[in-house]
Structures are given as structure tokens and as C-alpha cells.
């Protein structure tokens, strides 16, 4: 089974840990990735605030490249990239005129036929069916599944999970033996793109997310978005400074947790790259 | 030779703003057979109608086309005007320039071109119309009221008091509806049961009312004045005549753990039960789904203890066939179950309840005999949060409409709480306060100013539990969108009012329209709010949209007047737009070959067999014949008939063919 | 076919029927329909591979009905036609004796409609093999090619209505083509009008055609018009899982419905 | 073909789609003005021959629309119509007549927005397909044939 993969900027930069765990899982389950050649920026937070055509053309080019290369299914591990790609596909499907315009802009053919999967959908479809037989070390921890904002939104477009109380990650985690706690902060804002410009806001918001998870006795926060991870993990010292606390709860990618459960080493799934030490293995 | 008169209406500016009415009138005036073509600002007004009447006489018109609004709006108006002008009313057709053209297109040549086409089609059609006489049908002067809530009760009593018979059917074991569950009513705070129960008793005792509880509509056939209704009387598993309603069986029933519907699940009831103490009729029924005898085949304790031997375990459902002249639908509403809003935590925490559950808590006859206690531990909540618009006015996640009653009952709830828990704090999160109505706004002000309920304008994003308390996170938009967090002991959700369960199914049985939310649809939003699109079927109460008690009662009385008006006539006239089997081509009379495939498509059993006999009395041919009393004019038989032997008045083969050909060709 | 002759003679002699409808040898090598009323002439009846016409068409003709009670030599398509005619109330089961002929040409003992139904149900009810191939070939073409094919074929039609006359199910005493208020089908023959006629005919036979192929056989200019009705036979089976002419009580596909009928094109 | 204005004929039932189109009007939802509505009491009344006549007289597209299943004012007319359209569509496909030019839809009295959508998507599609040239050619050719025969 061969998929296209769109890494976006984070998977080869700040989220190399995530990238490593996704590839490690794929290898363990005999799934193959083909990186979309000549891929470009998805537009991220900036493009859709500046120029609508640009914000659609950037993801559309990525999708058009996937089509050209015969990649029917693309996995997009970054939740932000995922959201941009899916929204673009949907907008252009709804509006044929706009689609033609974007084709002109790109000077490329674009049909919008590729199926875009986020990491949970990909796990659901290709990992879960063969998961049971591979589990060697059940992930026996209390976990707080943190979805953030982009994985399940806009819900009318994604039509994928309950936007206010999503469940899919909890289900995946319970399949590897974890105990997902009741966690009301699962879709609260982490500060998102203020990661760089306003760390004080990130510290305030992410601090609450971490506090509630610790308060409820979670051993780890599970995420599926590089942005969430960097705010909760990389900014931990800022958070602790802001709240005058000593939060130690680790932040683990869902793919890392599954990797550990099937016996992959913590190096293999990139745990060594975290800022907050992960004492889970 | 046809002489058609065409009357183009401007509808004020509703049509003329985008359609060049002058050009339409001029172009149509040049068409063959059009003897007169004119335009006027308001055709439906008195001078407009006079214009038509005079033109009919002056120009010896043989047909009239009024190009105005939808025929669904004013066809009867203009047909009547034509009749008054001396023209058979069925020689009048309407061209829909407003809803189908001027309101949906921009002002340009294409729109005017379309308007001309719309009128042309009707000109071609009306040339082929036949002068028809209305069909007369008798009226059965018995009404059926479906639903025994306050709207049904009011309607039934009003009809019965005009001297006509009423059959009331109610699917639950007692009449009373949601009103019987309420504690106090706004804006007067009088006790709901105190004002309702006398009415319930009056229904039961009225000589003109026959009450069937635990009964549902099985099927409805026929038409205005002549409905044939089958109702299913579900087996109550006891003989109502023998039973005295002593209630001994209900106290001895060993199965006691069934969530009590009347208490909104906040209490339990046995398998044989009287829904509430003031129930009418005050006789128990056995809930066979939960009764130990029906599940396990053993028990029968109720039979043993019954002093009058009234229990009948083998009682079957009974189907009654009734002849009904008019139907009032008063099936009420339901509330949207709050679990569709996972972020509000309903269903996850016992202390998050909905509005109807709060009514039961506050009711003197409720599970706490009127004390406001937390369902989880029976403690008095010190802090209580009411969330208005939980699902209403929320097109993204809930429903787009305003449920209308929640602002008022939320104010009432907060007030009732404050009256009972003086030291407690009540918060209301609201979007707007909609308190139009007599003494309504004063009532809300009282809650705020006298009872010191904290009204916070803003939405709640989430409610979750932490350390045994409910954390309500919201926003106060009047304080510059400040996030607000309230630590509450109990949360009450004013969930949206939605169509009652089974409404869609009932609408389909009745052949009446319903809207996208499954509420029954009125024939016209302003001018026919009580009628449905099916003649002889009327609406009362919240089955149409969420309504409070005064509105429901007013509409119920309105529906009663409609029924009484209908019953004041001995005969009704019906539009003669029915199918007909041709009877030409002697000697075999009719080209029908008698395959009777039409019989199997007819939904009304309106197609009969007609034998032709020769002189010796031998049947030489059998052909189809339409019973015009039963035919409703759907025309499915017409399209199916291979030899084109059936046609439909008003939509004849010649007419529809002419419309297609005329539309697409040059003129 | 001695058993057939004996049985026919017997029926006529004991006056169980007044006429036997069957086949006899024509003046050329072709078999032609025979209407035997005299027991002495029963000997002229034949049954062999030349006897292909669907005789059921005569059951509704007044000039044949006029002769009295009928017996009919009936292969599978004829029997299915009889079933259809009974279900559409054109003939009565007790006014007809069926001289059934099996696939291998031997006389069957068809005592009543139930027996006939049993025989039909056991038989292969789909379109005959030789037509299946033609249908498959046409279905392989592009829509444009099919449109061209039918235009070419239907341009030959001379509107003689032999297809209609030969069909046992086209028993209407007045056909749509004879209606002129409005003129549904143009009187003249031209490709477009001819196409309208053949669409009309096929639609009227939808769910009623029993795949005998008589219409195509009757066409003097060789239009394969039977493929239109046979295509719908396949579709009726595909959508509604029925074949026409299998029971005296069935109603036709277009005069009945199931609430859950499946389709994928209505939005 | 930028100035091509498709002619679209809509055959609709009185109780659902006609009323739905009325609602489009009362809701002031704008849609393409290429459509002309012919009113029928019920989809069950719509003779398939009328669709052919529409093409024969120059229609480029057709909409057939009525009540959703179970919502028929006459209980079952739309169910019969559904079967009829299934057969009709299959026969048309088999004869190579372009069924992309016919939209079959259920539009209820509450679906004013859907009606606008049905019209707009149909008109857009027909615009892309262009005029129904092959059918118009067939009709014109047939007129010539007749002249020749006379």
C-alpha cells in the first residue's frame, strides 16, 4: 500500500519526532509513503488572512501535484496543513468557477480527486485493523487526549468527529491499552500561531490545558498536531514560569504511543527529541 | 373562437420592479386569440377585480389569465372574480410572475422574456380549459382531534360546545400533555394543574366528546367532509368498565424501576400505572414492554389483587373505523434531547437537567414535592445556572429557529428557584431576551430586579465537572467579551422545542405538508395559519411550531371555528379537477380496453368497473370508470393509460401538450 | 406431432373447444397460423422448428374470439403471454385450453393455470441467448454510437405498425398513435417520429414484454426493435427482480411500486 | 458559445416542488432565469412523452421534480413516477439520448433553497454541454425527410 505524504514545514523541522514516529509506524505495518514531489507551503495561518486566491492556490498546487503523480490517498500528519488542504478541496468542489480560476493561477490541471487523510483517519483505516496482533507492550497509562482546534474543524467540511467532544483519539488510545480520562480541555485553544510572537498568551492558555490534565491524574497528554505539541512541550519552561509551577506531564504524539505499544524503541519514535522528558517507554 | 383576456399585475412593485409589465402586456396582446391584455398595480384589489369582471363582459372573453402571484395564493380570488363576471371560474388560470419570476431574478430582458413565456403557457392552456361545475359532496359532522394536550382539549371543547360530535384521540394513557407536567405558568405563576385539570375532566364528561386514550391514528383516507379514519386502540390490558381506578394494582406491581415519562425520567413507575394522580381517564394501563408477565410469562400479581377482576392479559389491540368530517391536529412538541450537545455534559452528569425536568422538580406533585434538590445527592443547589438557547438559534449545531417559549420559562425557572432557595444564586446565560407578550417583559424584569437573578448576556462554551462541581465557561458580551467561569451545583438547559416524535409519520398518513424541522406546515404563513394544504385538516398548538399556552389555546379555538364553519354546511363543493374515462367512439363506448392497470395505481380506489351489455344483456365490454367523489385528481392513471383513454380536467393531455409546444416555439 | 393432432381432434370432437389455434404448413417453406374448427382437419397441424410465431396474439382478436372457446398451441413465450393476458383481464383462464409445447417440442399436459405457472417458473425466463449477445454489443458502444445506430435503424421504419400487430401485449383497441388530440406521434414516417413511436412502444411494454421477439421478426424492413423491449426486460429484472408473465395475478412493474425501490439518479 | 442561453423546461408537481419554488420566491433566493415551469398535480401525472416533446421542440435541458418519497400529496404518485423514470432513463441511455440533460429531483415545499440549487446546477451543466445539437439535427433532418417524401 503506497500513500502520498505531505510533510509541510513542521515535520522536517520542529516536529521531526512526529515525522519519525509516523514513518516508524508505516514501516512496522508495511505501508509505504511517497513524498509529494516539489511540494510547497500550505499557506498556514498567514495566507488566508492576506489573500484568498493565494490561500487556495497553495494547497491546490499540492493536491494537483499529488494527482499528477497518481497519489489517490495523501496523508497529512500536521493538523494545520490537513485543515488547509481539506478546506481548499471543499471550496473548489463547491465553486466550479473558482476552481477554474485556481487552475489558471496554477497553470496546472486540478480535479480535487485525491482523498486527504489526517493521522487519526490513517491510523483508523490502516493501522487499527492489524493492531491487536502487533501489541507487545500495552500502553497502560492514564492519558488526556488533546485534539486542539484544527483536527476536527470546520466540522461541516470534515464531517469526521464531534467538534466539541471528539472521540476518535480516545478510541485509538484505548485500543492500545491506555485509559483515556474525561478531559474537558480536549479542544481548548493552546495559543496556536502565537507560539512565536506572543509566548505569554501561549503560556496562559496552554498552562490551563496542562493543569487540568495533571489535576485529573493523567500520565501523558496525547496529541496529533505539531503546533499543539510545540506549545505544550517546547514552551513548557515558559508555561511553568508564567504560572509559577513545575508541570512535568509529557506530551506524546498518538503515533509515538502506538509505536511504543508495538515495541518500537523510544529513539525510533523520536521521544528523545522532546523538551519535557518522557519517562514512558 | 377563443377570446382570452390577460391581466398583468404589478403587485405594487413586487413584479414591476424586475419585470417590464408594459412590455409583457403589449407582447401578449399581440398573440392569436388574445382579445384583451392589460396591466394594473394591484389585480387582487377591488378595482383590479372589477377590471377583470368588466373586461369579461366588454370583450366577451372566453378565458382569463391573471399574471400575478402564485396560484397557491390567489387562484380562488380570481376564479371567484371571473364567476362574478359571468365566466365559468374554471376558465381562469394564473401565471405565476411573482414567486417564480420577479422575486427570483434580476431586472433585465431575460427576466421579462421569461415573464412573457410564463403568461404564454397559461394563455395556451386556458384556451383548452373546459367550463366545469363544482362537485357536491356531503359532510360528516363529526370532528376528530388528534392529541389531548391543552390545544387539543381547547379545540375539542369548543367544537363540542357548538353541538357537534368530537372524537379525541391521545396516544399516551392520559390527556393533559406537557401542560400537565408544568409547575407554574408564566407570567402569572398560577399552578398549571389547577387551571388544566378541570378542562381535562370536562372533556371526559362532555356528552359530545368521545375520548380514546392510548390510541393512535392508523390510516386516513378520503377527503374533506368525508374522511375514513382507522385508529388503533392499543390494548390497555384491562376492562375499563369494570376497573374502578382504585390503584391497588399499581402499588402491588413488583416491577417498579421503569423511568417515569411524566416525571421526565426523574422518578420511577411500575409496569401497571396511572401516569399521574389527576390523569384522565383515571385508569391504569399495563406497559407490556416492561411488564414481567409479558416478558417472562409469569407474575399476574395485578390480576390477583384486583378487587373487580378487571385485568385482561389477552386483550388485543382494537382497530376502530370512523367516519370523520374534519380533523384538528394538536399533537404538540417535544424538547430536543440535550445529549446532542456533548459540551454541555447532559447525560454525563446527573445535575445537568433540561427545562421540563426542572418543571417536575419545582412541581408540588413532582418527585421532590416541589423542593429544588440536586438529582445526584438530593442537596439544595447553592449556585444554579440556566442556559437559554441550548440548541435554538444555532444553525451551526442546533436548529436555526427561536423556540419562543424558553426566554419566558427560563425567567420563570430562575424566579421559582429564588422563591424556594432564598440564599441561592441564579445565573441565566442568554443571547437576547424575547419577551413579547402581555405582561411578559414585566415578568422578566421582575426576575432580574426583584428576585435578583443574574442575567449574563453571552453563550456558554462548555460545562464540565471538576472536583464535584460543575464548571460553566461562558462569555459576558456586555462586559467586553470577558470570559466568565461559574462554579455551579446544578445547570438547567433550555433546550430547543422540536417536532414531536412520530410527527413525520402522522403527516404522511394525513397527507399534509411539514417543514424541514418536521413541524406541520400551515397553508399560508400569514393568512391561513390554521389550515393545512389538505382541505378539512387544521392545526392547533405546538405541532406547528413551539408555542406558549395562550398562543396554543387561541389557535385551538381558531381551529374549532374552522371546523364549526365547515359543519354549518350540509354539502361542500369540491374542485372538479378529476380524471375521466372517455366515453366516445360508439358502439363500444370508450376506447378503454379494460386492462385495469389504472386500478392498481389509484391511491383512492376511485376506479371502478363499468360493464356494457348488448340487447340480450350479455356483457360485451368492461371499461374503467372514475368515481368522481373519490378521485382527487392526481392523474397517475392518466400518464399510465396506454390507449390515452383517461384524461384529467384541468391538466388534460391537450393542455399540457400545448403548454410544452407553445413554450418552446416562436410566437 | 401425432399426440398434438390427436389431442386437438379430441378437443374439437367432444366440443370442449370450438377452435384450435396452431401452426400448419404454408404454401412456401414457412409455417403459418391455423385456426382449426373442424375435427377432420386437425391433421394439418404441425409443430417443428419453423413454428416460431407467438400465437397468443390471436387470443384477443375479435374475429378469433368470435369462434368460441379456444385451444392454443403454446410454447413458453405463448404461455407467458397467456399469463400476462389473464393478469391484465383480457382473457379468462377458464376459456382457454393450453396445448403446451416443451423446449424439445413434445406435448405437455397443461391441465390448468397452476400447472402452467409451475412450468413457467422452472423455465429460463431471461432474454434468449442470441439476443443477449446483440444487447451486450450495443451496450458496449458509446452513447453517441448508440444514438447513431438507432437513428440509422429507425430511419428505415415505414410506420406499418407490424411490430404492434404481432405483439400479444399490444391488444389496445385504440393505440396512442391513433390519438390526434393531441397528436402524440406524428402520422408521417420520419426518423424522429419513428424514434418517438418506438420509445413509446418500448415504454408501454416495460415490465410486460415476455421476450418472444415477435415484433422484430414481424418488421418488414428488419429493424431490431425487439432489442428495445428486451433491454427493458433486463432492466426490469435488474431493478425489480421480476420477469413478466409468470403468474396470473401479478401486476405490471409500472403499475405497482415498492417504497424502497432503488435508483441513483434522483437528487 | 458564451451567449448560449439554455432552454430548460421544468415539469413539477403542484404540492411539493411548485410550492418549493414559491418558497424560493418568498425567500428572494435568486437563480438562473432559463427555466420555465409547467405545473402538474403530481409527478405521477407527468407523461414521459412530454419529455420527448420538450426535446423535440428545442429544449436543451429538462428538470422533473416532485415530492420526496413518502411525502406525496396523493400518497403514491411519486413512487409510480420513480419506477417510470427508472425505466425511461434506462431506455434513453440505451438509445443514446443524453440523460445528462435531464435532472430528476425531489424538492419539498420546504426546500426553496434546494430548488434554486437544482435549477442552477442544471443550467450550469447544460451550459457546459451546449445546445442539444444532435437531437435538434435529428428533428431537422426528419423535417427534410418528410419534404422529400412528399
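By written order: A, B, C and D. Residues from 1 in each chain.
FYI, a residue touches a chain if its C-beta (ideal position, glycine included) is under 8 Å from a C-beta of that chain, and two chains touch if they have at least 3 such contacts.
All figures in this text were calculated on a predicted structure; none of them were measured in a lab.
Asker: Busiest chain-chain interface by contact pairs, anyone?
Answerer: B-D
Asker: Using CA atom averages as chain centres, what separation in Å is found between chain B and chain D?
Answerer: Once rounded, the distance between the two centres reads 31 Å.
Asker: Using CA atom averages as chain centres, what separation in Å is found between chain A and chain D?
Answerer: So the centroids are 47 Å from each other.
Asker: Round to the nearest whole Å and give the separation of the Cα centres of chain A and chain C.
Answerer: That pair's centroid distance is 66 Å.
Asker: Touching at least two other chains at once: which residues of chain B meet that condition?
Answerer: 601, 640, 653, 657, in rising order.
Asker: When you check chain D against every other chain, which residues touch at least two of them?
Answerer: Within chain D, residues 48, 70, 76, 80, 84 contact more than one other chain.
Asker: In chain A, what residues contact two or more other chains?
Answerer: Counting only residues that touch two or more other chains, chain A contributes none.
Asker: Between which chains is there touch?
Answerer: Touching chain pairs, listed by label, come out as A-B, B-C, B-D, C-D.
Asker: Under the definition above, what is the set of chain A residues touching chain B in their complex?
Answerer: Residues 156, 162-165, 182, 184, 212, 215 of chain A touch chain B in their complex.
Asker: Quick one: in the complex, what on chain D touches chain B?
Answerer: 5, 7, 9, 14-16, 18-19, 21-26, 28-31, 33-34, 36-42, 44-48, 50, 53-54, 57-59, 70-77, 80-81, 84, 108-111, 116
Asker: For chain C, which residues are in contact with chain D within the complex?
Answerer: Residues of chain C touching chain D: 138-139, 141-151, 155, 184, 188-193, 195-196, 199-200, 202-203, 206-207, 228, 231-232, 235-236, 239-240, 253-259, 261, 263, 265-267.
Asker: Could you list, by residue number, the parts of chain D that touch chain C in their complex?
Answerer: Residues of chain D touching chain C: 48-49, 52, 56, 69-70, 76, 79-80, 82-99, 103-106, 118, 134, 138-139, 141-143, 145-146, 149.
Asker: Using the touch definition from the top, list the residues of chain C that touch chain B in their complex.
Answerer: By the definition above, chain C touches chain B via 88-90, 171-176, 179, 181-182, 184, 204, 251-252, 254-256.
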